[in-house]
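One chain, chain A, appears in both complexes that follow, with chain B as partner in the first and chain C in the second.
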Partner chain A sequence: MTTSHTSPNASSATAASAHDPAFLLELYRRLVLIRQFEDRVKFLFLEGSMPGTIHQCQGQEATAVGVCAALAPDDFITSTFRGHGHAIAKGLSVQELMDELFGASTGCCRGKGGSMHVGNLAKGMVPGIAIVAGGIPLAAGMSLAFKLRGSRQVTACFFGDGAVAEGAFHEGVNMAAIWSLPVIFVCENNLYGASTRVDLVMRNPRISDRAASYGFRGETVDGNDVLAVLEATRRAAEECRAGHGPVLLELLTYRRTGHSRRDPCNYQPKDEREAWATRDPIERFAEVLREAGLADAAALARIHAAVDAEITQAIEQARRAPQPTIADLTTDVFA
Partner chain B sequence: MRHEMKLPDLATTGSAVKIVRWLREPGQAVRRGQPLLEIETDKATMEVEATVDGELTEVSAPAGAEVVTGDLIAVITVPGESASGAALPSPESAPAAPAASPPATTPESSARSDSGTTGAARKGSLFARNRQAAGLSTEPASKDLAGLPLSPAQRVAAQRLQASKQTIPHFYLESSACADGLVARRNAAPDARLLWDAFFVHAVSQALAAFPRMACRFAEDHLEPIESDAIGVAVDLQGELFVVALDAPVTKSVEALSQELRAAVDALRTGDPAARRLRPGRITLSNLGSTGVERFTAIVNPPEAAILAIGAIRPVVVPRGEAVVVEPRVALTLSVDHRVVSGRYAAEFLAAIVDALEKP
Partner chain C sequence: MKRQGIAEALRDGIAEEMQRDPAVFCLGEDIAIPGGWGGAFTVTLGLEKQFPDRMINTPIAELGFFGVATGAALMGMRPIVDVQYGDFLLLASDQIINNAAKLRYMSGGTCQIPMVMRAPIGATGRGSQHAQSLERYFIGVPGLKVVAVSTAYDAKGILKAAVRDGNPVMIFEHKLLYGSKGARAEPGAVDATSEIPDGDYTVPLDRAVVRRPGRDVTILGWLLMAHFAAAAANTLASDSIEAEVIDVRSLSPIDYETIGESVRRTGRVVIVEEGPKTGGVAAEIAAGIMERFGEHLLAPVVRVASADVPVPFTPVLENAYRPDQARIVAAVRELLR
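After this line comes the complex of A and B, so read on.
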């Protein structure tokens, strides 16, 4: 079983030339959109404008953007409690997400899902599943449906390193393996499940190695290199569509924020944080774009400003958006 | 414009939160994203960031205060812009740029339909407010109950002590040591302020080296050595219980231990979250000697297997051969987890402590 590990930007600079410039700039915009969305939501939470807690993905933007950019609009993803980035990457609008976070009836789940359950089936995203590893059997089941119907669709199933030791991982992954289902298991290995570091819960910390024991291919990828993630996902999707699924992608990344807004994150050692800060996915991709001559500092700043305006507009609208009424209490509720 | 800073919803159970300290003072500039204060929730000590650029004009909840989500904790004056129709600041807005102010939207003023709730019901998390509106209890979030509220640290201590006393089969051994040598050594030391606790930690660390089983914890079908070489000293800070862990005491002098303990207690007093964090030790010492109490029994501090309760050093009449002498003595009571060691083993350990204390 192959495992590859891309070194920072070495492959990306050359990889960049293989893509359409407009596509690359859109990738960059998506990365920035996720980062700024998360940063603004953090302050809305601190201000008290948003109820509940939130799980954010600052630092992990390239996994979501790289994977989703390799998928077709009718391909599906499953997500977790940390789903804002996956949603933006899969094409949900900032407005339907922001409305959902404000609990508005115009939100992507009509205000009943909230931060941990964002999704939109029409856009290929099953609402987030907050049970750790809960999306894995579900993704296998969806992919079985695709296979039985003879469609070319694939499922990319996002989960964290914390999901790998759950029973549901074994059950779902094994099913997908024996039936060669079109599912890409995307493990975002950010080194921590809540406050627990991976080496405390795994004797073999290379998660992609697990694939071999089920008889399919696994690959470890630099998850902070958006083009490396994109390429790896394209290869995996092709294999799945050709009937050679599933594939396990382990994307190495790092969370630059607490597990949830209530977590002060004291357990991440300072030197580790600093080392990963130098591998920030957005800064790295900006460097790739500059080196390839596709965007100068001014062009990148314009992207940031446009994204900022889009989010500001969405927040203003979400504050005024209608809340669900008592009459909506039992609609869309199954249990 | 006056921006009222409310306590964000940072506690995990909707319980009260304690203000540990303010990192900025009134009159100082603050920036959006800058840590402004430190709080202690039911789960953690953490920093809270400012959400606007401006000047901290008023601290409404000083260090030590207990607040719940939504309580006013500070006032920040934001330059420029009137309250209405203000634009949202961008996350990148530089401090020098005239800062735009966020809409003064609070859960109360937002479009959310919480009509029918009383002013008091608007306190606490959205969910607490909903519970209250529905006539359900919001007890954990309320601080207006009669009686004395417990701080988050006190609540944690209460739960741990209760679990210890309910699940650990304690037994107690009593002894005493002649304190002649101790008193002489302390009086002879150049630093007249040597802490008594340092002598006891030193003696216990020596005894522990010969009784490794005392430093194990009970793990259902086996014993596990506690992964720490520290000895804890119980500290009472205005009714809040902490345990200061002194690392590797067997390698240190009484002077070094005394200094380390004094520094740790000072750090506790300043509210240093690192100092307040619970750290495991092999055994804990609790010394009530300064209160004049003669002897007492203490509750084991899990996962440890024993705790030593130390009374006051007092003159005692002791028969010595045919004669009677008066000497300073200190009573020692060892509380022990019987699942970890036998009575005899613990008794020999206690005798070793007495020996170490009496050694010149």
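After this line comes the complex of A and C, so read on.
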């Protein structure tokens, strides 16, 4: 029931030596894949070739990658309207995501979900729950199913700082606590719920402190340090599998892009943006890899180029992907 | 064969389904408490002795535990989740409407939510907030099935069919029809007991049932109003008016096959609803009848419903709120005049 506070600038260089180099390079590739996916999608949206609305996660890539890398393939995640990064981190293909964003019938939700509801149950991701905090009771229920069946699976439930003010947070977290459910509550605290800064809507902005009031452990972690997130999630998952769940992880991070659509983020102070820009999760992890002698600039550039090619190919294919027919309007309502 | 009320029949139905399928479990308030009530109306009384691990008592947190039920169903369990009073469904409605009902569609047909929801409704001397008829708020939600049980036979058969269905199913029950005993007995209760067969049976979720055949007028009702309509038909028979009484039973989808077969013969329809007239289930049924069978109607469809007011407390006003046998008889006589 302790709440530990990790410095936002803690270095991971020593932690890197504990991991397999190929695993670390794969983590880096996933961070870059999410960043480039989001940047390309933003361009497609702004040029008008992609329908709908988008909520993006540039700057927050390490939370998705660090958490999902600590999970087993049969563990589940729940996500939010800002779910592209979670989906890529949990193993959905760029193609099924891009197809979904273009509304194609080959998308992960056959074009019926869209940006806010990406998911693929077969890969352990529930379609994004776009009602703030709506995934929290759901995650508790999923983990109740695991407990009733005696399985070792855990659920990692992603939500933002804004969700903490919802009644669903209190109700879902409390039930997970009283039944010791295997849920890792992952709060991505990016300091803003839409345009509202956390200190306007909570008197105690240390979100991990809330865990103690429900009788379980909370921890604040540097959410822009992918290895710190990975290690914290591994510890949490172990506790959950041992019957000592749930755990609340507060991952401190920052959204480098708008809340949605064409939001220019005028509410984020310039000095705050600049300070967080120096803590970019991808640049920091590149530095870790270079310091550990695992990759030089050329090796990292090759990763960037391969990711770029993969996304370019996915976009070309998604543009040509079949759209649903009008007959699909009324299918998939009932089992 | 044995004679049972709705509460007992539901209890047996739940126990039999839990016995049959280990994925079935109950989630709700004030259940599984030794010395407790077995839910607000005794339906789950004592089941914790037989199923100690699958009767899960919750905090008073309707939004939360309907979400928990949805999540468990998504992972392949078959929860039976209930509220003490239907009015509390409004707290849970985000999880019911935005998650349980929509997840299958927005996942492109890959998610499945096999979940049974049970909710007691009806004006019963409790004032405005433990009394509403909630059916109207849920029949227009795509992805939900909505049923209303007015006899013990139907209650057990529909409960079993709902547990075995692959979708979220909302079952509305009426407080005056449970036949709850002891401290939880309801003043003014109406006999809804049935002869219950010994073996397993189900009742379809999408079928109305003709309770009384007749040639002159079709009276549609459900829950308590199905009983009042049948009583009204008996009174009308003494005037040589033969009313056909249909228990609509399935509120979403509505069984227009059974209703249409009757309407084509009688050409006259009275729909009886406990609940405000404006925006009710009767409005939907009336429109559906006119779209499908308008050319067979000899007169406009008539609705007998409550005033457009919250449910009042004092018995004189509550009795005026709730449609009764006399109002149904008067409406039919007016229609046939």
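Note that in this section the second predicted complex is superposed on the first by the 323 of 335 C-alpha atoms of A that agree within 3 Å, B and C clash if a C-alpha of one lies under 4 Å from a C-alpha of the other, contacts with A are read in each partner's own complex, and residues count from 1 in each chain.
Everything that follows uses one rule, which is that a residue touches a chain if its C-beta (ideal position, glycine included) is under 8 Å from a C-beta of that chain, and two chains touch if they have at least 3 such contacts.
Treat the numbers as computed from the prediction; the structure is a model and nothing was measured.
Steric overlap between chain B and chain C is absent once the structures are superposed on chain A; the two fit side by side. In the superposed model, the vertex angle chain B-chain A-chain C (Cα centres) comes to 90 degrees (nearest 10). Contact with chain B, but none with chain C, is seen for A:Arg319 once the two complexes are overlaid on the shared chain.
Shared-chain residue A:His117: touches chain C; no touch with chain B. By the document's definition of touching, of the two partners only chain C reaches A:Cys109; chain B does not.
Of the two partner chains placed around the shared chain by superposition, neither chain B nor chain C is touched by A:Gly223.
Between chain B and chain C, C contacts the larger number of chain A residues.
For the pair chain B and chain C, the least inter-chain C-alpha distance in the overlaid model is 17 Å. Chain A uses no single residue to touch chain B in one structure and chain C in the other. Interface of chain B with chain A (complex): residues 6, 8-12, 32-33, 41, 43-49, 51, 69-70, 87-88, 90-92, 102-103, 105-107, 110-113, 125-127. Of all the residues in chain A, the ones that touch chain B in their complex are 36, 39-40, 43, 45-49, 51-53, 103, 261-264, 266, 304, 308, 312, 315-316, 319-323, 325. Residue ranges of chain C in contact with chain A, taken from their complex: 25, 53-54, 56, 58-59, 61, 63-77, 79, 94-95, 98-99, 103-112, 114, 142-143, 145, 165-167.
Those residues of chain A lying in contact with chain C across their complex are 76, 107-113, 117, 119-122, 126-127, 129, 131, 134, 136-146, 148-149, 167-168, 170-172, 174-175, 178-179, 331-335.
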